[in-house]
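Labels run A, B, C and D following the written order; every chain starts at residue 1.
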Amino acid sequence: MRGMNKFGISLAITGLVLLAGCKDDKQAQTQGQDDSAAGGFPRGKSLYLAGSQWGDPSTFNPLAESWQAAWPVSDRFNLMYEPLINYNSQTGKFEPLLGTLVLSDADSIVVDINPTAKWSDGKPVVSTDVKFIFELGRRFKGAATGFAIEFISGINVDTVEANGAKVERLSFLVDKKGRNNPLVILDLLQAIRIVPSHVFEALLTANKNDLAEVQKLKIDSVPVVSGPYQLDSYSNEKIVIKRRADYWGNASLHQGKLPVPLFVIHPIYKSNDHFAIALQKGDIDASQTFIPRIWLKKKDKVQTWMDQAPYFVSGAMPILLINTTKAPLNSKLFRRAMAAAISYSSIKELAVSGYSPDIQPGLIMASSPLESKYFVAEDAKARGVLFNLDSAKALVAAAGVKSVFKADGTLDYMTDKAGKKLPTLTIKAPAGWSDWEATVTIAVKGLREAGIDVREGFVDAGLYWPALPAGDFDLIMHKPASAVTPSLPWSRFDAVMSSRNWKPIGGGSSMNENQGRYNSPKSKEYNSKVDSLLKVIPITADEVALKAAYAELNRIFMDDQPAIPLCYLPEQFYEFSVAHWTNWPSEKNPYGPAQLPMVSAGTNSLWQLQPVQ
Amino acid sequence: MSAIFEVENLSLHYLSRWGQKIHAVTDVSFSMKKGEILGIAGESGCGKSTLVNGLMGLFIPPLYPTSGDVRVNGESLMNRTPQDIRSNILSRKVSMIPQGAFNALNPTRKVKDIAADVIVAHLQKGGVTRKESYDLLRERFDLFGMDTERILNSFPIQLTAGERQRSVIGISTLLNPQMVIADEPTSALDVSTQKVVIKMIFDLLEKNIFSTMIFITHELPLLRHVADNIGIMYAGEFVEYGTAEQIVFDPRHPYTKALMGAMLSAEPGQREKKPVAIEGAPPSLAKIISGCRFAERCPSARPDCKLRSQAIRMVAGRQVRCEYAD
Amino acid sequence: MKLLRNLLKSPMFVIGAVLFFGTILFAIFAPFFIDLKTAMDRVGGQYLEPSGSFWLGTDDLGRDYVKLLLQGLRSSLYVGFLAGVLATTVGTLVGIYGGFKGGIIDDILNMFTNLFIVIPSFVVLILVSASLEQGRSLTIIALLIGATTWPWTARSVRAQASSLKSRDHISLARINGANTLQIIYKHILPYLASYVFMVFIMQVASGILSESAISMIGLGPMDNVSLGVILNQAKNAGALGDGIWWGIFPASIIITVIVFALFLINNSMEGVFNPRLRK
Amino acid sequence: MLKQYPTLRYILQRGVWYFLTFLVAIAINFILPRLGDRNPVDIMMAKASQGLSDEAVKEKRESFEKEFGLIEVTAEGKIIHDANGKTVKVSGFNQFLNYLKMTLSGDLGKSIQKYPKNVSDIIIEAVPWTLALQFPSILLGWIFGNVLGALAAYRRGVFDRVIFPMALFMSSVPFFVFGMVLVYWFAVVLGWFPAMEAYSGALNPSLSLEFIGSMGYHYVLPFFSIFLILAGGQAIGMRSMGIYELGTDYIKYAKWLGLKETKILSYLFRNAMLPQLTGLALSIGSMVGGALITEMIFSYPGLGMAMLTAIGSNDYTVIQGCTLLVTTSVLVANFSVDIMIGFLDPRVKAGMQMGGK
């Protein structure tokens, strides 16, 4: 026995040493950023927000591409870096931030820079900073904001007198020869966050003017920011930002108040079900992830914008995108047949936990307060297809496709006009995305009952993403224009129907919009109306004309059915817990939009939340 | 001189996993005086080894005593705790030289450590340190004219079969036991090694390290020279028990006769290890046998042999388990 | 026969065999009473509690868990058996051939066996499934499991075969001019049969376990439900947090019971075949 | 040449074999993910190309392809274009050579999803957690299971009749099933222990008592989910081995010699443990596999989680890095156990000498 003991003890000691070693390791990793956290983050002063960072935080560089940057530098989060203006998805209005929107027309968009806006190093935010980021694409091809120059031909700077102070006035000129699209410029103004040019010009100089080198910097040690929070510490488990007492906006935008939470902490969870558990246990205060059966969580103080179904404010529209170049999918009758064979109510109830209102035919989100004004109910009634298996079968027959059923009543295969057997169609969707998998499963069931030979084609996400722009699919799940921006619903139509960059499938061609290759400009059936409407809408100011244009576009969509909208989902699943913080914006207390207090205008609720004593 | 070792009507059985009893040894009695050497012989599977395994009062499952008694110096070994047996009997009073010494040594321990374990286990606490026990060992192993240092410092696998067997004998007799049970100590050895091993055992006897011994072997001629008394076993029973002279030159039980005939006729060196020159096989011991156990194979069996079980009776000065023997 | 009688005396074997064969019979014959064609159909709301009409409730897609679990059970058994048969066949052939033939071929086979034993099979599974083009089917997963677990069979069969090789009756057969195949077929396989059967039992168990583990990490079959897929879906759909025990426990219990039954059978057989354990 | 140094000879022989196995493992690691015709750059471009002009996309693609060693570059690192302005693909064999060179120098490339993060950094960050989670639970489970198994073998009787079926049952429960049951019961229903993560979200890693306490509190459920199941399996194996050893001649002889029970138990344990040691090393592979799911269930930030995230997002370079690490550690574990057994069991070395191989 003695020999064994010795052996066991030595192994145990090895284990302890390794353990100790690992702790040292972890420490080293966060050292230098971590001075305040030695005693932990007091719950009453910390706000836990989740769902925007899934992987290890790799860089906090605002020039890095959005998919690389970590929260809150990525996406449209305004906590560290801020855009010129905020878009309030509840009111559809622009709110001032680093700048104030003065005027927007077909020629230019004019913004005054807020004269009190300051960087954390005390320098004022100036037009040079704005020009730096908006025009970076002119200097470097690899700039993440490079697409801005496709829309903006130039930025004029004037100095004007406003309320007795000198103010820099910026005019963003619409590039008439280019995309000629002031709508997208508005999108850009609320999306592109301004960075301190004096910092980054210096970095560029230090790196031989090589942007790629500068993009590799992590910028994670006391970065110069303009927003209300500053990076405190981060690890693979969470990102912590800390309130800046000297944030310029406290005085100018928030009546001198400080944001209430001292720390905003973003835990990094890897799997969907963990968000639900964390929210229930009060470990996180708000999340923007899909959590099924949210009503079961009410007892655990988890709430949403609305108290009952659909619980969330719709903003995004998952669709089934169709490869319109492939027989029999190239027949609009066949596509309409498919649209009639899918039980939207089942999808709503089972796949998305009832978080969708009843959907209407067409690409305009009828239930959205921002879009409903363009929706024409009569058109939808006259032209749209609703779930109806009999009419689906009739449309299949009308498309010249014959369904062959087996003896037991299940579908065997389809034949075309010539009697030739058609191959089974598949719906491509990323495996493991549970709500999409469920949606596809429900769709397939209805389609097969209607005699349409379709199967689920769940693939690894790594195959899904490249397949989309390449057009490598029969049918594919897709969520076009998923963020609520000023350009909706135009951007959704553009993403599904535009032939602007039409390229045939194959040979490595890729399209970032209209991946179903609808409406080829080279074909005889080319409907030029679509592209001209898409061109005209952004520069139409007249509401009546705008409504007519949208109505016409939507009619074409319903007639041609290049894609099948499946349900309306929120832009973000805004769910919050009142266990530690109260006074969240909600339907009954609608002082802000249904967004987490880190996105666009949702950020303002940071000044309104109240800690639970 | 009174008997130092007595076995009285000893029966032993194995308990199988399925609860089946196998009566491997039935009703064996004998007694030994100091200095006596008892030989036990019989076909393999006759229960010789089982018998000697049951003579130390330590029953290793699945072997269990059924009935009877074993006494050392008049003290019964039955119904004593294993601790008691271990500290008072084993290695000191009765010691075992097991069959197949090839595997009897712990393969991951050096010979000296195994031997030292024995000394440490039996001497009072604080009596002997491990180091002192090594010295003791060396002394004893030197007695045998062996390559002491090498052997003691070797793992069993580094030794030859003969060296291993001699080590086992050395270890078994370390504490000068009153008596030794040697279970076929020379089987599985080549002839010249056999001789060395036998010589060692007799050296030990001569040097008075022990004096009393039960010796199990196939080598009947060897028994004739060595043993004072011989017991012949068949199917778990002693069928004949007498002096070496009586058994070897004047066997009375039909089985003993057959056995002697088979063994003594063969040329030396060509003797079969399994002395089966008799047709048929012993009966299964899983069932209770009512008649004479040898009746099936007995050349002189009579019809009523299978009906009655046989009792020991005295024939020509020795015990015989056959009512018709004369 | 005697063997079977001995086995039947072991309560462990009886329990294991009843559980396992009961499960198999259920998987085979239940579809005559429970219509599996509608297993994937929605029959009610999301996660309905177990009730008279749905004994085990419904899943997140409103499907009847009884049917789903039956389908999953069939898939898991299918994977287990296919993987088990493949691993046992390949392993036995390699093991017998190597163990019996010896020489350079044995050395090479042995090297491969050891190689695949030290390279964890789940690593191979992950790497291969990550590169599968046409999606992962139940059959492909079963074949992959079988293809990575055969070395365990090969190793133990080889040891047995090489100990058999030197036995008298085989040397005799060899002297009498029997060729290798004949010897293997007539003299080695019968001796090994019970042993190979035990190995097979373990391979089936490990096949079922591997499949469920692979499905749990999201690399499961895309064309069918299995018990692992059911668990993975329930976990992804947040059944754990909502206390929906019927989404987790029935499938878990079925996997555990099958594997437990197989372990029981294997261990009781080991007790009978291994004389040391039997004593 | 090394005949007079059997130990050294033995170590060298094993070492060479394991090194060859390592090379094969690298080859497998290289080939398997490349069986399908997918390319890390495609996956990266699907995200990275958004909002870029066609020309910028082409340039970006080429720079990624250069970074991942898919196209030929000049000695100065410039991308080579052919007459048509197209890039020149590196042959599969040369890619393998590069991969081999990089791997042997410890460079595992860059993550696809977390670009430009190095795979080795991801692994270095994750490994301590996996070690912290698995090492104690595997080790303690192994020891506990073996002690239990040895006792069951030695005592048999009621003890065995209770322990054995329980251990058998525990060993047939999949890791993740047990983990989920623990979460459901102790975290969701009873709320005694946290359901996930390695430490409280309110803390940053430090050496404070508070943090260590939090780590311990979060460690309870994952620890038991591995510990109990592992102990079950080990107990079964040890029991078999123990019963086998119990029947051996040397144990009987030791008993007849009157050795103390503890001494005999130590003989038994030590000798029965030798094959168990090999088993420990061999099953580290499957343990890492099983514990991978444990980390997923408990959202533990270790290697399993890193691998799982990589699988979910098709981060092949990370998957490859992780699998290579797992394979390597299994090889190292096996190698060390081989060496250890070489010292502990004289039969092994002697076998080598006698076999003359």
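Quick note on the criterion: a residue touches a chain if its C-beta (ideal position, glycine included) is under 8 Å from a C-beta of that chain, and two chains touch if they have at least 3 such contacts.
Bear in mind the structure is a predicted one, so any value in this text is a computation, not a measurement.
Asker: Give the label of the chain whose average Cα location is farthest from that of chain D.
Answerer: In terms of C-alpha centroids, the chain at the greatest distance from chain D is B.
Asker: Sort out for me whether A-D or B-D is joined by the greater number of C-beta contact pairs.
Answerer: Between the two chain pairs, A-D has more contacting C-beta pairs.
Asker: When you take the mean of every protein CA atom shown, which chain's own CA mean is nearest to it?
Answerer: Here the chain at the core of the arrangement is D.
Asker: CA centre of chain B versus CA centre of chain D: separation in Å?
Answerer: 53
Asker: Using mean CA coordinates as chain centres, what's the gap between chain A and chain D in Å?
Answerer: Using C-alpha averages as centres, the distance is 37 Å.
Asker: Distance from the CA centroid of chain A to that of chain C, rounded to the nearest Å?
Answerer: Result: the chain centres lie 45 Å from each other.
Asker: So the centre of each chain is just the mean of its C-alpha atoms; given that, what is the distance between chain B and chain C in Å?
Answerer: A distance of 49 Å separates the two centres.
Asker: Which residue numbers or ranges of chain A touch two or more of the other chains?
Answerer: 271, 277, 432, 460, 462
Asker: Residue numbers in chain C touching 2 or more other chains?
Answerer: In chain C, residues 130, 218, 235, 240-241, 279 touch at least two other chains, as defined above.
Asker: Where in chain D do residues touch two or more of the other chains?
Answerer: Residues 38, 188, 263, 270, 296, 308, 312, 314, 316.
Asker: Once bound in the complex, which stretches of chain A touch chain D?
Answerer: 1-4, 8, 11-12, 15, 18-19, 21-23, 25-27, 29-30, 34, 37-43, 46, 48, 54-56, 58-59, 65, 67-68, 141-142, 144-147, 150, 212, 216, 233, 235-238, 240, 265, 267, 269-271, 274, 277-278, 281, 283-284, 432, 460-463, 465-466, 468-469, 510, 512
Asker: Give every residue of chain B touching chain D within the complex, in rising order.
Answerer: Spelled out, the residues of chain B in touch with chain D are 56, 58, 60-61, 82, 85-87, 89-92, 95-96, 98, 100, 102-109, 114, 117-118, 121-122, 155-158, 168, 171-172.
Asker: Would you pull the chain D residues touching chain C in the complex into a rising list?
Answerer: The touching residues are 21, 24-25, 28-29, 32-38, 165, 168-169, 171-177, 180-181, 183-184, 188-189, 236, 240, 243-244, 246-247, 282, 285-286, 288-290, 292-293, 296-297, 307-308, 311-312, 314, 316, 319-320, 323, 326-327, 330-331, 334.
Asker: Looking at the complex, which residues from chain D come into contact with chain B?
Answerer: Touching chain B from chain D are residues 156, 248-250, 252-261, 263, 267, 270-271, 274, 344-347, 350.
Asker: For chain C, which residues are in contact with chain A within the complex?
Answerer: Residues 37, 40-42, 45-47, 60-62, 130, 135, 218, 222, 233, 235-238, 240-242 of chain C touch chain A in their complex.
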